[in-house]
Amino acid sequence: AELEVTHWWTSAGEAASIAEFARIFEEETGHTWVDSALGGSGTGANPVILSRIIGGDPMGATQLNTGREAEELIAAGLMRDLTDIADEVGLREFFVDETLLEPCTYEGRIYCFPINIHSWDWLWLSTAAYEEIGQPVPTNWNEYVESWPALEEAGILPFGLGTGWPIDGVPGVLMAGIGGTDLVLAINRDKNADAVRGPEFREVAEALDNLRSVISADTMVPTFGDVGNQLLAGEAAGNIHGDWLQGDLQIAGGVPGEDYECIPGLGLNDQLSGGGDSFYFPVLPEGTDPEVIEAQTELARIIVSQEAQLAFNLKKGSMPIRTDIDLSQANACMTKAIELLDNGLLPSGEATLTSDTMAQLNDLTKEFIDNDSITVDDYIERYASLIESAD
Amino acid sequence: MVVTVLVVFVGCTAWTIWYSFTASRLLPNNTFVGLEQYQRLFATSRWNISIRNLLIYGSFSLVFTMVIGFLLAVLMDQKIRFESAFRTIMLYPFALSFIVTGLVWQWIMNPTLGLQGTMRNLGWESFRFDWIAQSDMVIYALLIAGLWQGTGFVMILMLAGLRGIDEEIWKASRVDGIPTWKTYLFVVLPMMRGVMVTAVVIIGSGIVRLYDLVVALTKGGPGIASEVPAKYVYDYMFTAGNIGQGLAASTMMLLTVMIIIIPWAYLEFGGGKKS
Amino acid sequence: MQQSVSIRDLSLSFGAVKVLERMDLDVQQGEFLVLLGPSGCGKSTLLNCIAGLLDVSGGQIFISGKNVTWDEPKDRGIGMVFQSYALYPQMTVKKNLTFGLRVAGHKKDDIERRVARAAEMLQIEPLLERKPANLSGGQRQRVAIGRALVRDVDVFLFDEPLSNLDAKLRSDLRVEIKRLHQRLENTMIYVTHDQIEAMTLADRIAIMRDGIIQQLDTPHAIYNNPVNLFVAGFIGSPSMNFINGELSGKTFNADGAPLNMDSYGFAAGNENLKTKAILGVRPEHVVVGEAATTQPVNFDSEIEIVEPMGSDTIAWAKLGKHEFTFRADSELNLKMGQKIKLGFDPARASIFNAENGDRI
Amino acid sequence: MSNPAALSGTVATDAVGRQLDTSAPHGPRPKPFFTPRRIIMYSILFVACLYYLFPLYVMIMTSFKTMPEIRFGNIFAPPLEFSGDGWVKAWSTACTGLTCQGLSPGFWNSVKILIPSVIISTSVAAVNGYALVNWKFKGSEIFFAILIFGSFIPYQVMLYPLVMITRDLGIFGTIPAVVLVHTVFGMPILTLLFRNYFASLPVELFKAARVDGAGFWRIFFEIMLPMSLPIIVVALILQVTGIWNDFLFGVVFAGTQNYPMTVQLNNIVNSAQGSPEYNVNMAATMLTGLVPLIVYFVSGRLFVRGVAAGAVKG
Amino acid sequence: MQQSVSIRDLSLSFGAVKVLERMDLDVQQGEFLVLLGPSGCGKSTLLNCIAGLLDVSGGQIFISGKNVTWDEPKDRGIGMVFQSYALYPQMTVKKNLTFGLRVAGHKKDDIERRVARAAEMLQIEPLLERKPANLSGGQRQRVAIGRALVRDVDVFLFDEPLSNLDAKLRSDLRVEIKRLHQRLENTMIYVTHDQIEAMTLADRIAIMRDGIIQQLDTPHAIYNNPVNLFVAGFIGSPSMNFINGELSGKTFNADGAPLNMDSYGFAAGNENLKTKAILGVRPEHVVVGEAATTQPVNFDSEIEIVEPMGSDTIAWAKLGKHEFTFRADSELNLKMGQKIKLGFDPARASIFNAENGDRI
């Protein structure tokens, strides 16, 4: 039967990785994967996917933001219960980290399958820039910060940044790197506003304050991809961005270790915070061909299978959700990540907070970065109150 | 059709207003929370900035679009050669999806990649064109791109209006010795009242719904300096999954529109009854 | 006297339609010229050319001695009443009247005065605050006249300005326009279809046909000495009786009935022609009843149709085989079928060459 | 056209013998191309065109560059080596998800959505506008006021209610649904457009047609429409552009098998993560814009002057 | 005879402007009714009401016995010529003419025939393929007439249909319309400002003023027995002479000069009034020269102004202190300052009550 799958992985690298799922699905089951790619999650895909589910014309499977509000769809009975499949394939046994399954769990049942792990916690550094100022490439955040004056003197941008959302991830990275594991858990998992008002978070906020002094709208580039170019060209020295930036760097011909360096957890923490992408399987309307439902089941099984996980994540540059995979083919940066993953995954805000809260936090960060009249204290206070009101 | 339209617009408005009083998240639900969404809305600096931006952008955009549109239409009405080519050139920005043309403007206005950088490289060191990176100027950067996209259509609309003016009126004003520009201003313009109202509504609704331009050009930045209400509504409805909040913002927008529309409708219809 | 408007060799065509052809015309300073002609003969077109609203295809136009062929209307010193009014629809009547003045920078009280005067003359005072759409046809026409009248110009061009007004208003306005003309002493070119208007207002009348001026002369001359058949037939209502026949010397032979034309004023050199000709007699020059016998030409006839017209009656009878119209006092109480004596004086008649229609 | 008397320079006199200089202007007014007025006009137009064309220039240049050149070169510089790859890729090989056929597959879907949507929305609005002006019915003003108000409601806000409405109508996920949605959304502005235009036409014509015995439709089709060519063009421009470039409604309401071209465009341009291929983006955008552009160009000839000339007097 | 158009208690206002007030009017089947009245008195408005183009504020309209007050124009069986023409600008002349027929579903050859006939009658054959914008004013008017004429309807409404045509064409068309009326025997309601048209065409004339019908009668009665001062003054050109004075019994005293009114036909009961009154004498009823002495009333006067009008001459003289106009044959060759005898017969005069203007 034909199974329609919606997702917003449309760039070359993304499409290649999802194609692995499709290939394996079709090869192994004889069903047909009908691909509905919709670029741009926020305004492109999200409303469409939701409308179709609400409108009673659901797709067979779909990518959705792994967040808390999918709960509503689940509660409304619109999502298929995958618990049986999970049990059958033994998901809990090989699953890399329970925290990642949490958003998929509703009243003890599992409604979605995470398919990869992404982490924002990377500091990317330009080899060329540091050659230019004749300094070694920093190995952690503190060294990096120390190198800023020299960089600025040489006319090199200490921190490259794309306009818009790329800044959103930075506070989380600083929190995990500078604030440490406990702080992340206290804030993201326990929603403890006092933790925000505590000294550890102040350090994070100060780091952000420090960072905004070298960020200027004048020097921002349109997209994060352009930042990659700046790094390779030595125009910018560093950047905090998620692991997917590597795709860009590699396409532009960059070689890790030679043209750029990647430092996970800012070189300060041995745990990465992260979240993942998940697939949901909407309940198909009555009268749907049982073949299609069968195909749904098959697909659910396949996306968490070893073969598919390996193929998918190698292409995608993300980390698999299974611990039992041989990732010898992974590149240097990925290998570093996998090592850290053994220490367990810290929950990122995206995974544990509602996107409503995240959106407000992001707005706050953007405002703070741009507007120097907002003090560190203001930032902390507003952050705290958002965490307080988070549900 | 008439009924459908009524149902849809009245229904959607009612829908919007009702759910703005609920705690709806990803899906509409009926948990009534009173004015909570509104309290949060007005406590949000992004919303307040959005409103301010809309006012600034709106007034400038309305005035400039009307003026430029009209001037261009007048120029096109002078029996010029290659009229069709000129018309198409002015209209093409309207044809192209803003997702990409916005990116091009973003390049052009980008201080390093764009005009400013290029000019400085050419030796004009003092050249400045960095509005897009200035929190207090970014709204005018939006305006430049917005006018670029929107004036062509208004020009066409006004041109259609001009084409409907009876040639005899022109003759009369020429005999009366009225200079051309005065004829346009005092005779033709008032005769085009209908077209003008149409243009104002089109521009106005474009302003209220302003979204694509911001997303493509500034993504609301720098910081949140160029956020606009419609973007707030969409972001909270679709990305942040907080329909209640989005609809509260939307209701506020509708309320504002209502405040403008009602006196106008009164003038248009109440006054019209006399004749 | 100076010529105010001179037209030399003027031609105008709309695409293939030639409307004016090589027209020459001189209008004196202060003259009141009336243009008369059948519908569609090019009167409005001529006015439009003089006003500079149409680009001529050939020839020249002079106003006050200045070649204005290529000048803008506003540089020609003209005011015009359009046949189609062309009021500014969104302005009130008052604004319509004052717009030109305000643009020209006239003083406020001057404007008020002019408007008041024009409004009074045109009886549109109560309408000043209305918009054209809320006026009746005749009221609109008066506003159109007013718009021209308030301005100081050398040449007024009127295109059928009184056509939609009632008889009373029309005669009032006729007098007012005449008075205005005498006071301002500017040149007026006036198109009308009303022959009474033409006769009473004009210093000279130009009769046009198919874009060519047939005769340009005083009303009296046009009425009494039409240069050709067309002019003769066009002027006068009911129109002139035309009798086909043969002219030999001073005798006109209509169907074998010889009429003595001794008293007719032949054009020089035409006294002794022998040619097919047409005799024209105006219905109002026909004498009816016993008095007819005193006329040089008289005959018996029978009345066929009677059309009462208030003071006069128009009646149809026969002269030989020809229809023959005449006008008589209503008091005569003519009846259909009545036998009657009719007569006329050839001195007041016209004879035309049957070939080309020219007066003999 | 030429005037022999004047050409030969004959000196003419008028009735009283005063000489008129017949050598100077005669015949049609010359229309020199380079009058100061014209020069100013064309200069303004030229400058305006620069403003309008500047981004287009950048787009075209970029579309012909190769990615490395875009990455490291100046955006204003012409390409060092012209490469049509961007265009080819945009049209036929760019991938969206698993299918790598560029924009081409969505083209016909877009046409399928465009044509009925434009025709129906424009027609319905034209009829509405006409009815509002000429056949005032009870409550027509309130209806109109609601319409105008409707034009200010942000589109996306109405997404869910419309989904539910079309679902209940049983047409969700089909072309009729998307046509309906476009018609509903086009209604306010288009109705306003037509209403105000019809209101400016002389009402006498409408009266004359009624006396001639014509009914609602007859008057509409034979009297009103032929006089509204310019505004129809405007309406077409508005709707063709809007509907052709629409992404959201096409995707949500038209159903999977009818995804319009803009889905591919959006996918090519809007991939969230991963490096954008600017040359392909530019080419894709320009390709997508071609249809409206052709419509603009072709419909231009309908911009006739004086549609109601000669109709009424006064 | 049957009533074709009946109007009962009709009122119409435009906002605050009351145009028609409680009007009653009956038009017989096959009657030719002419509406006459000053510009702006409500003639076009009345036609529009009959046609159903204006919503009446009160009253009822019946056509052929059917109450059509709320009917659509197309259901009323009317054809109309608009004062402002209202031609369809995008259609050729031919299309304009045939539109109504096509709507009514006439056969092709029938349409052709009708158009050919109308075009011939209106002399617009060469224009059939033109658009209205390319026509002269008079040509447009003819098209407007043609559009009504080609149709078969019970009631024709003509709003000043001939106002922009030349005299010749106008009298031709007048005859054609009359003929058409006789042939079709339908009802015609005709607005005109041309009194000759009114007199010659009308079975009855309605004189309106400010939305009220003053007199509805045959042309002869209206001309000779106007019911009030307004009608008397409105009909006739130049208009009636009005002499203020006092009536006592059968003697009219104007400034101490007693005029004997013995031959005047007093309305019943009015023979012995003593009141301020106005004596009305039509200029064309004045007898000039020696013949004047034969008239019941005669006096000596001096000519002040002379206005030649072709066949006739209008002259101004004095009767006592009153201005006194009269019409004389041009042949009399009247001169300014000339002393002359004038006389008239009270039987043809009118006397009005000075207070309310009613005929005595």
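Every chain is named by a letter (A, B, C, D and E) in the order it is written, and numbering of its residues begins at 1.
In this text, a residue touches a chain if its C-beta (ideal position, glycine included) is under 8 Å from a C-beta of that chain, and two chains touch if they have at least 3 such contacts.
These numbers were taken from a predicted model, which means no experiment stands behind them.
**Q** What clusters of chains are still held together by touching when chain E is ignored?
**A** one piece
**Q** Touching chain A and chain B alike: which chains?
**A** Shared contacts of chain A and chain B: D.
**Q** If each hop has to land on a touching chain, what is the smallest number of hops from chain C to chain D?
**A** 1
**Q** State the pair with the higher C-beta contact count; candidates are A-D and D-E.
**A** When the contacts at A-D and D-E are counted, A-D has more.
**Q** Hey, which chain is the most central one here, using CA centres?
**A** Ranked by how close its C-alpha centre lies to the overall one, first comes D.
**Q** How many angstrom lie between the CA centroids of chain C and chain E, rounded to a whole number?
**A** 22
**Q** So what's the Cα centroid distance for chain A and chain C, whole Å?
**A** Centre separation, chain A to chain C: 93 Å.
**Q** How big is the gap, in whole Å, between where the Cα atoms of chain B centre and where those of chain D centre?
**A** The mean C-alpha positions of chain B and chain D differ by 17 Å.
**Q** Of all the residues in chain C, which ones touch at least 2 other chains?
**A** Chain C, residues with two or more chain partners: 83-84, 87, 134-135, 137.
**Q** What are the residues of chain A that contact at least two other chains?
**A** In chain A, the residues touching two or more other chains are 41, 43, 47, 54.
**Q** Listing for chain B: what residues touch at least two other chains?
**A** Correct list: 103, 107, 113, 166, 168, 191, 193, 234, 237-238, 275.
**Q** Which residues of chain B touch chain A once you look at their complex with the stated criterion?
**A** 25-27, 29, 44-46, 103, 106-107, 110-113, 130, 132-135, 215, 218-225, 234-242, 245
**Q** Touching residues of chain C toward chain B in the complex: what are they?
**A** Spelled out, the residues of chain C in touch with chain B are 48, 51-53, 72-74, 78-80, 82, 84, 86-91, 99-100, 103-104, 133-134, 147, 151.
**Q** Of all residues in chain B, which touch chain C in the complex?
**A** It is residues 166, 168-169, 171-179, 182, 186-187, 190-191, 193, 275 of chain B that touch chain C.
**Q** What residues of chain A sit close enough to touch chain B in their complex?
**A** 41-43, 46-47, 50, 54, 67, 69-70, 72-73, 76, 163-165, 216-222, 354-356, 358-360, 363, 366-371
**Q** Mind listing the chain E positions that touch chain C in their complex?
**A** Those in contact with chain C are residues 14, 17, 36-40, 43-45, 83-84, 134-139, 141-142, 159-160, 163-171, 193-196, 199-200, 219-220, 223, 233-239, 282, 284-285, 307-312, 327.
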